[in-house]
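Common to both upcoming complexes is subunit A, partnered first by subunit B, then by subunit C.
Let's turn to the complex of A and B:
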């Protein structure tokens, strides 16, 4: 696919949302059915670049998110593939009735690329943070929920979203993300976790900007503590890669989840459901926002404050490694 | 062009037949939103039997005209229209509301042929209709999109979001029709949440407003004919209707927004419909 391989240069010079915008223009060049919609956030979400290239396929609906998602649904019924971008907080809450009824219930081919997710709009405060969307969106039947780890992966997720029929929610951050991937030369499959580091002592399952933090923590833990930490990039929250989770339970018996989201309802909750139903004992800890409205600050400072950065992960891994989570070490006696 | 007498009589007969089928459906369903179904039956009849180009055997035909029942609770009115038109077997109406039936209170576009959008949560239909209209612009299609909204539904802010954007995008290929029966669930619209000056509101949003008797076949036909050709700005047809139109004990009575009919009430309603029809035919 021409033009869809991203280089270090691209992701160093473009924010994650800019990579999204660029990807969209490339897709639009090849596919006449692709249209873009926003609600007065053409610049902020970077979807506006589509208007520069294909003005007849771009629709700014003004500051009216409910109408925005309803219009996108109507377009999808007529065979178009609408990409809709506004902030995550408005996509998942302000317009949720439309997302639920117009898009997900009717299983329409609308791609919601929601920006400024988690605490990435740091100083804007909780009216513009979004630490609830994963929990909300994964309860929408028919909907695929993706949280790419960086700009490169965002390009791959957007590409996959276009080429896969059905409603999609892709959650990305404001601004630049720490670069996880040096190039787009890797396999990205919706619903399939990516093992970034092999390990047998503990598994860190992370999504979004927390994946980079997990990898950095794993490197340190190997160097300083001699621990072999498996890191799973769980870029798709729904459908969740249950197999990778149960394999981690079996192989490493300790799991930590890390996400820029409320600890309730998100990646950690989803993973814990799989573990609980799997019937195998496992040391487990969720890292995320502890059911509170965040303080304001720069994104990286907030990640540090809530322990979802490298330091927070290091502390938690050491805590879990020292914990005895079952009476004996015999795996086979578990139900 | 004036409606040919024969066509008018056929439409009157069809509307009468569909009102009966609606009452029967309410009985089969156990209960339903009968008041608003009867108020809007003349509009749906004229749309499906005179103005819309559709193919019931090919309900997803991409060039078809679209119809969105934004007041989605009136499924017991809409489903009979679709069944009678040939989208599905009329016998299916007897399973309305039954466990696992494709036909429920609010019709599901993924299960019921002819339903262009799943509606029920109010205010959703008009944005979807605009999306269909804008899609026609992108794809070069000539189809029209008709959206029937309730007057009480206009309390929803998103109706006005959609109105603003229909006007902004000069989407003259979507025609908005308001079933102005002046009743809602809890009472009269003007008592619960004042809508008047209603026409002025639509004008202020950039619409050409046509106010008609929405239970008069000739008036509906004329309004739709004019609206389809009007390209200066988008049109809203405010169809002044009577809630429960045709059944004397339901007429203009908001308590019949939703209800059921026992055997005696059904008989009484059917007799009333027949008298209503006879009166209308004298004028036809």
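Let's turn to the complex of A and C:
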């Protein structure tokens, strides 16, 4: 059950890509060095909003992703701050050689804003899903990897990216993300997890759109099962907040990671590395896409299918805590 | 009997008639009348297989609704056929049922009083003036729709049973903002379905139709207002993907079509 919940009106307001585009315009107003680039996806990635306001600072490279990142690297060496946007699947795979050699190896100040990540492209199909990018990108030396939880946090991440020197990869969705933060009135620091709920039974560490799901699950678990669940918004995958992870191991003894990404190489893997090296035992479970290419469908159906929505999290927490998800299996005693 | 009659019959028997208990318990006068009575009331229709019906066990501590028929109820309203039963509840037939146990006059009068109130409420085309009645009517519609969809699944309605069969464990809910009493939900899972009243608390419903007031809810439930317009005005919030809202709306209409 359950998945992303939104109304038809939220779909435009909550689109993380929409917020990204608007934030870029705000930054461009103040900083002349900011330029935008895309590979024929100005509209889909919302970087086109920058083009509407500053056409002379926007460059469409055509359907040529490798060229896109090569040109961005060149612009960075000339002192500009390029924000490059295309789909996550193209950023992390099609143009990986350029990302690796032209940008990360040179430690250049290029900001890669990858949209339509995870399974958020839903019905576009498995070739456009991107469930490998966190694993790939966090192995690129010099690169910072961020996965904001909603539109508000995307704005914070984009601001932080501009004001922090070096290559950055910000992973956002197609849109329609549930709103986690009511306002931007909170502290956002690259590499510092945010504790959204206190708890001592178990910790859920999540990133991206799964953070909202984790918070919803924690609320339900407290109300119905009396469980106190800590929720960490791990918006930065690299550098990872090792301190928050080891504190969770110590305080709660059980950890679940949730991500819209393959369970290999992503948030769960990164957290498990920290736990293993920390030397303290704890119950541990990774929730994400198993070692498979996703089936095709609506994002919320896919999240439900792979158990990374609110109820998938509930199911796993109850399993770990030794409780059933639904005890009532009598279908005939209805009123 | 064709399928349409069969579907209508299952709706009246298992989704509409159980509402009588809700109506009695909401009405102080009716509650008082029934509190002095004991026995079994049965509403039934003769058919090829014998008889179908719903009965009520009336005890001092309350009323229990039970699906199916019993041998010797205290009072029985028996229709000669399912078609006549359906026609009577749809208002297209004035053929009265055979009353068995007429000597239990107080039980008969109290039961007819409850049934009349139910018919009046569900037959309304405009909003009732009293707030209490509005709330009751919202509850009746929520219960009727959730039970109706579940019952149609159980009897093999092609579209609804196909939808339920394909569904993972999901809860669809109806509620009015800030009033938990006006809530109902339907849980479906791989061919199984179950309607329940109140708020589902074990998990987050997969989809919720949330109305901002009783008036907004009745506007949609009584087909006075347009669903899209209500959504635009914020009277109705669909929590969940619009695709699922449209699907649920379609099945609500199916139930409404049979219950009219």
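Here, the second predicted complex is superposed on the first by the 309 of 335 C-alpha atoms of A that agree within 3 Å, B and C clash if a C-alpha of one lies under 4 Å from a C-alpha of the other, contacts with A are read in each partner's own complex, and residues count from 1 in each chain.
Everything below uses one rule, namely that a residue touches a chain if its C-beta (ideal position, glycine included) is under 8 Å from a C-beta of that chain, and two chains touch if they have at least 3 such contacts.
Since the model is a prediction, treat every value here as computed from it, not as a measurement.
Look at A:216: by the touch rule set out above, it reaches subunit C but stays clear of subunit B. Touch criterion not met for A:124: it reaches neither subunit B nor subunit C. Contacts of A:311 after superposition on the shared chain: subunit C is touched, whereas subunit B is not. By the touch criterion defined above, A:281 reaches neither subunit B nor subunit C. In the superposition on chain A, A:72 contacts subunit B only, with no contact to subunit C. By the touch criterion stated above, A:300 is placed in contact with subunit C alone, subunit B being left untouched.
Residue overlap on subunit A between the subunit B contacts of one complex and the subunit C contacts of the other is empty. Taken in their complex, subunit A has these residues touching subunit C: 1-8, 216-217, 220, 223-224, 298, 300, 304-305, 310-311, 314, 325-326, 331-335. Residues of subunit C touching subunit A in their complex: 18, 65, 143, 147, 150, 168-171, 192-197, 201-208, 231, 237-243.
Those residues of subunit A that touch subunit B in the complex are listed here as 35, 56-57, 59, 61-62, 64, 66-80, 82, 97-98, 101-102, 105-107.
Residue ranges on subunit B touching subunit A, taken from their complex, read 62, 108-110, 116-121, 123-124, 126-136, 138-139, 141, 157-158, 161-162, 164-165, 168-169.
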